[in-house]
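First chain A sits with chain B, and in the next complex the same chain sits with chain C.
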Partner chain A sequence: MIEIRLYATLGRYRPELKVGEPLFLNLDQGTTVKRVLQEVLGIPTEVVKTVFVNGIYRELDHVLADGDRVGIFPPVAGG
Partner chain B sequence: MIDRYSRQIIFPGIGEEGQRKLGDGCVVIIGCGALGTIIATSLVRAGVGKVRIIDRDFIEYHNLQRQVLFDEDDILNGLPKAIAAERHLKRVNSSVEIEGIVADVNYTNIERFVRGADIILDGLDNFETRLLINDVSLKHKIPWVYGGAISSFGMTMTIIPGETPCFRCFSPASTGRGTVLTCDTAGVISPIPFIIGSLQTAEAIKILVGAGELNRQLICIDVWTGSFDRLETAPRHDCPACQGTYEFLDGRFGVRATSLCGQNSVQVLNPKIERLSFKELEAHLKMVGKVTYNEFMLHFDVDGREMVIFPDGRAIVKNTTDESLARGLYAKYIGT
Partner chain C sequence: MSKILRVNMTDLTTKFESVPEKYRLTAGRGLTSAITCDEVPPTCHPLGPNNKIVYASGITTGTAAPTSGRISIGGKSPLTGTIKETNSGGMAGQKLARLGIKAIILEGQPKGNGQQWVLKVDKDGAELLPTADEWLGKGLYETYPLLFDRFGERVAIIGIGVAGERLMRNAGICVNDPENRPARYAGRGGMGAVMGSKGLKAIILDDKDGPGVPIANKKVFDTGRKKLLEALRTHAVTKPGGGLNTYGTAVLVNIINEAGGFPTRNFREGRFEGAARISGETIHETCENRGGVGMTGHGCSPGCVIKCSNVYPKPDGSELVSVQEYESVWAFGAHCGIDDLDITGECIRLCNDYGLDTIEAGVTIGVAMEAGLANFGDGKKAIELMQEIGKGTPLGHVLGNGAAVTARVFGVVRCPTVKGQAIPAYDPRAIKGIGITYAISTMGADHTSGYTIAPEMLGVSGKVDQFIVEKADMARNFQYATAFIDISGHCLFIAFAILDIPSGLEGMVEECNGVLGTNWTLDDIGRIGGEIIRMERLFNEAAGFTTAHDRLPEFMKYEKLPPHNVVFDVPDETLDKVHAT
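Here is the complex of A and B:
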């Protein structure tokens, strides 16, 4: 099982989640970040800036493992 | 020690010694929008000795909703943000040496701007200049505090060279993806830059005083949903900046603007973008201007300006020869 948290505007892709509530998923072995975004969550990769897996930045081809904690962020440029 | 600082001297984390250190401190604030104005006003009021504020923009009415240092007179007088900030803050605390600089911060000038700084504060609206700050911070071992805010969401983290992960560890130069959210395309409500800017200010005070616990995690706040998160980040083993390769400071990356001879247009190139999604871009831009597109190009009209944007991220800004203005519009609407 992996734990996924969607940040900022990405929350709109899972409106049923309560504030601060993570999503828990059972994934097939070899599932990449990109596949989770596109096929499981329905989030276009264009709107994703940063994916952390266990606190470390990972590319979209990174293969997830059981127990991973994933944080997905849009690009937050404003100031 | 003059009476104006008495309440923060009573605070045991600062005291008289801490106040002296603040008075000896030099901070550089890059970008003077919502974050920058909050940071600048707080640090000048706190009695930091030298405050240098750099910004390339003028003040517009839609800034006043959240950029606390500016007023309607500044707009009527056509003042740049850096100058208006300097003038207002000199009336707040005449004992602080305040320097407002109107400039587009880039790899050719940033080392000059941060000379003598004890800390750099991020008040920017784009990733590119943040990656440049990151390079100059690591090269010269100057701590900096990242802050970003859009919509109702914001993030901040303190980067201490050699001690914490750097900004590039989690914000690589090129993701191959476009459509950056900015305040001009996603909107912003004032509480979020106020909170993020205040956290950045607290970090600056702690660094200058040399006390308190620094924020070494990525703090993420959404004031609309009421979520407060901290994310432990780790250094990326292949991060070029951490290994002493400063690609943004060397000018190898970054947006380039070139005036097109005889065409009254400026071309803006962004090597960080490999492919833009016109569909996503349209979704953001149609909130603020008129957008039409086909598979080859996207036309965007906003505030009397016309931009033509191509799928590789290239843009032509029409009816101007001002390269700095074109870079600014690009950062505002497409994002860097």
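Here is the complex of A and C:
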């Protein structure tokens, strides 16, 4: 099982979740971030800017493992 | 012709001087730092008669350039002992520029009797007026309306609160926002105490029928302006309806938290379980749900196209505070273990009211919690500690002097400061480049002096691994580019667009060329920025600072930060390399 959090404008793809509330998913071995986005969440990759897996920046071809914590962001900035 | 206004508080005189040739092509931070270097003895006491404060708008401030309303305030900082430039949005920068005043230099010190003054500046000149009793010793939410009653609703006010009157090292300088709230701050470095030490409560700027800002080459200016505007309007972060406009700067809360670099409970941890509850997303949602005056997408000064500010409502829809921004909600939130925006909002409101920097104040409260004055997470107690500052009790004086003083008084070793200034909302153990910035900045710990977070976290201007330690070149380049933006008069947040969109960067330089009649190219950004940093470092050296001061607090070298369990491992040689060239 992995936990996924969708932030900022990506929240609209799972409106039933509160801000920061995780979505728990069981994935097949070898599933990439990209596949989760496209096939499970229905989020076009072009609206995704940054993905953190266990606090580390990862590319979309990163393979997820059981127990991962995934945070997905559109372009954001501040100061 | 623009002029310099010199205000001498020893003999209570004001005079206008012509602008020396060497200052002609600079402004904002470039000018405040140059005048400080030329006129302030580096070893002077920051609150004594020999320190000065310089107020200067940026090159494009007061023109139609987008998001260009900044005012820089500089001098020697009582918080850090270094040179200081702190800048603010709000209404003052544009009015000062449109009065044809390149800088106000405040110098000297009144002798004795405690009389406070207000400086009134309009198209006819400048005069010092004695303050009325009811303007003193009160919160700014009470004082500013009285000043607007007296001087008219259309003036800008640069003022200090009780923290500045009492010469506290965390006193900021307040600038009214477009709705005349006392809500925008040149907060960092205690410059409000310097203003207080000179007996000046406020500067009133009335730009009615002022000469405006002359533009040497309108065509070049307009071309630049259009390019910058286009970049700001298209970049996903800065455009209308983009990240900053929709959620405000606190949209960073979740991403820095996910990255494990969100300092929690006085820098014990890098992730806060309550982060989402104090995030920009929640601010946005609360503004919608509570309704009333709540809004995101608020602009802090006219002509801002990004509009990252907000007005946060109470449960009944009436106003709690403007503005809940990233650094402030972090300082009173995660840093204190508090996950409630109504508490952070009240603490920010108290900062605005007393005239305090929110970062320093929030970090101080977290240090006080570390010292056992309250439990982490105790919002009620956090507010009570803040109120001590307002009351001016002995404890309030300790807290009002900032995190480093508070840590000393209570024997706290885990003191998150560099050169006496509180570290902002990115833990340098998990994000190395910003740690280099904190260490080597001429200003003490200051994220805005070189915002390497853009590539390290946000993928702006490329993507760089957060854990790589060899980032001396990156830190230097960011310092130089930032110093240039700080003279341009633009809000630093234009950087997100112009670092990614080359024509936007060109546009900024062309706007400056248009105003000044110069022929600067992109190569001049680093040259001019570098000159400013070198000048500031010379001041600091003469004030007694060495590379030994360009270091992070020692505990960060031996205390591991969860969840990544990392220490700050950037070698000292790398830190020293930044400015070695």
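Throughout what follows, the second predicted complex is superposed on the first by the 76 of 79 C-alpha atoms of A that agree within 3 Å, B and C clash if a C-alpha of one lies under 4 Å from a C-alpha of the other, contacts with A are read in each partner's own complex, and residues count from 1 in each chain.
Heads up, the rule we're going with is that a residue touches a chain if its C-beta (ideal position, glycine included) is under 8 Å from a C-beta of that chain, and two chains touch if they have at least 3 such contacts.
Keep in mind the model is a prediction, meaning the values are calculated, not measured.
With the two structures aligned on chain A, chain B clashes with chain C. Of the two partner chains placed by the overlay, chain B and chain C both lie in contact with A:Ala8.
Residue contacts after overlaying the shared chain place A:Val40 against neither chain B nor chain C. After overlaying the two complexes on the shared chain, residue contacts for A:Gly79 are found with chain B and with chain C alike. After overlaying the two complexes on the shared chain, residue contacts for A:Val48 are found with chain B alone; chain C is out of touch.
Chain A uses residues 5, 7-9, 11, 19-20, 49-50, 52, 54-57, 71, 73-79 to touch chain B in one structure and chain C in the other. The touching residues of chain B, counted against chain A in their complex, run 31, 33-36, 122-127, 147-151, 153-155, 169-172, 175, 177-183, 186, 188, 193, 220, 222, 225-227, 229, 231-234, 236, 277, 280, 331, 335-336.
Touching chain C in their complex are the following residues of chain A: 5, 7-9, 11, 18-21, 49-50, 52, 54-57, 69, 71, 73-79. Per the touch definition, chain C reaches chain A in the complex via residues 236-237, 242-244, 246-252, 254-255, 258-260, 270-271, 275-277, 279-282, 285, 308, 325-327, 430, 447-448, 451, 453-454, 457-460, 463, 465-466, 492-493, 496, 563-564. Those residues of chain A lying in contact with chain B across their complex are 5, 7-9, 11, 19-20, 44-50, 52, 54-57, 71, 73-79.
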